[in-house]
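After this come two complexes, each holding subunit A, first together with subunit B and then together with subunit C.
So, the complex of A and B:
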């Protein structure tokens, strides 16, 4: 039986962001941008959606007078990511 | 990376590739291993010369004072490094704590040995302790030379209790070559070649 895939995570860039964050403690916006190869605008929109869903925490601060955005996956995000991967498995040929 | 419909297989491939991009980042350039390796090597050889040729134990304290500016430099270096980092991994965090535990234990051993009246036990115990963070760092960083260095430390710790005290300084020097200097250069090489 096919399980419904979480629409928040079933989007290429949002899934890429979550997959990066699941393995690290926290990452700067610039790191995520570099690794996903996305544009700053698109990435910013997708991170906002993840934040609204409660999947990531976003901290905005200043470092050497420059704005810095730090992202971190939340426990709710980890649960959603695990559920998404489990649901994906039902789509794969046994 | 555009948003689009993609299959379950594509999703899994994307997850795998992103996890590997985050995990395979090797953040250790070996700088502090080399710094401490050379500082301790200079201190241990100078200590040996002082104790063996001049029978002077008083100078030891002054010789090892070289570690104080090294600690200050390390603190400044780590603060700057932390500022320039764009990602913080669990690996970095655990490795840092392993070394903090070593510093705390080394400090406590220093006090305990100082109070015990057996200064000759200091080098063997420090050699034994050296092995712990080095071995664990080797496991965490998946870097075999550090593990080999740690094992050599434990062997040297054993050897040091069977030889005259003065020579244990030479073993200390040998230990930092195998645990910090050689792996330090190899770490630097690995760090440079990852780009």
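So, the complex of A and C:
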């Protein structure tokens, strides 16, 4: 039986961000932008949606007098990501 | 990358691709392992030459290892600045190498205390018995150090799936065992080879990968 896919994660950029963050403890906004090849504006919007869903934590701070945004996956985000991958597996041909 | 809906196959491919990109995030510049591999190999070879040719240097060559801490601090600060993502095991690795530094200090300290305690006794024994071929404490001191060298090297190599470094760490342990049966001057040759295989050569490989990754980013 096919399971419903989480609509928050079932979008290209948001899934890319979550897949990156699952592999690291935390990452700077610029790192995610570079690895996903997205524009700053679009990435910012998608990260905000993930934050609203409680899947990522966003910390804004200053480093060497420059603004720095750090993103980190939350335990809720890890659970959602795992559930998404499990649901995805039900769609694969056996 | 756009915000488009994905098919199930595309989702899986994207997950694999992104996890792999996060993994290939080369943050180790390789300078640290190159520095320590070069310094320890150099000091060990000089120590071998000192014993073999009975040279008398006006200073202890191992002071270089202490001096190397200064550039290492700058390297660590610079690497921390460059790092834009923190891996799950980064903190653990930092603690492993911090414990290694403290461990080397403790082993050296204990070796010196033990050498001061036992070597006069061995010298007396040598004078009384007339037997010249009695090993001094330092015949075994380098074995302990080589053992300590192997520990963090194997852990780092295994954790980062960097086989060359794991092999280097194993060479340190094998050298530790072999050095128990070799005379002191050859212990230092073993130490030079071990440091080169554990840190210098893996460091050069890390450096190449780091520069390759950096150049790819700028294309």
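One rule holds for everything that comes next: the second predicted complex is superposed on the first by the 94 of 94 C-alpha atoms of A that agree within 3 Å, B and C clash if a C-alpha of one lies under 4 Å from a C-alpha of the other, contacts with A are read in each partner's own complex, and residues count from 1 in each chain.
Quick note on the criterion: a residue touches a chain if its C-beta (ideal position, glycine included) is under 8 Å from a C-beta of that chain, and two chains touch if they have at least 3 such contacts.
Keep in mind that this is a model prediction, so the values were computed, not measured.
Asker: Subunit A superposed: clash or fit between subunit B and subunit C?
Answerer: clash
Asker: Check whether A:10 is in contact with subunit B, with subunit C, with both or with neither, and answer first, second, both or neither.
Answerer: So A:10 meets both subunit B and subunit C here.
Asker: Touch test for A:26: subunit B only (first), subunit C only (second), both, or neither?
Answerer: Both subunit B and subunit C are touched by A:26.
Asker: Where does A:91 make contact in the superposed view: on subunit B (first), on subunit C (second), on both, or on neither?
Answerer: After superposing on A, A:91 lies in contact with both subunit B and subunit C.
Asker: Of the two partner chains, subunit B (first) and subunit C (second), which one does A:38 touch, if any: first, second, both, or neither?
Answerer: both
Asker: Per the definitions at the top, what is the overlap between the subunit A residues touching subunit B and those touching subunit C?
Answerer: 10-13, 15-16, 19-20, 22-28, 30-31, 34-38, 42, 46, 64, 85, 88, 91-92
Asker: State the interface residues of subunit C toward subunit A in the complex, per the touch definition above.
Answerer: Those residues of subunit C that touch subunit A are 1-6, 8, 10-12, 14-15, 17-19, 21-23, 25, 81, 84-88, 90-91, 217.
Asker: If you look only at subunit A, which of its residues touch subunit B in the complex?
Answerer: Answer in residue numbers: 10-13, 15-16, 19-28, 30-31, 34-38, 42, 46, 63-64, 85, 88, 91-92.
Asker: What part of subunit A is in contact with subunit C in the complex they form?
Answerer: 5, 10-16, 19-20, 22-28, 30-31, 34-38, 42, 45-46, 64, 85, 88, 91-92
Asker: Report the residues of subunit B in contact with subunit A in the complex, numbered from low to high.
Answerer: 1-4, 6-9, 11-12, 14-15, 17-19, 21-23, 83, 86-90, 92-93
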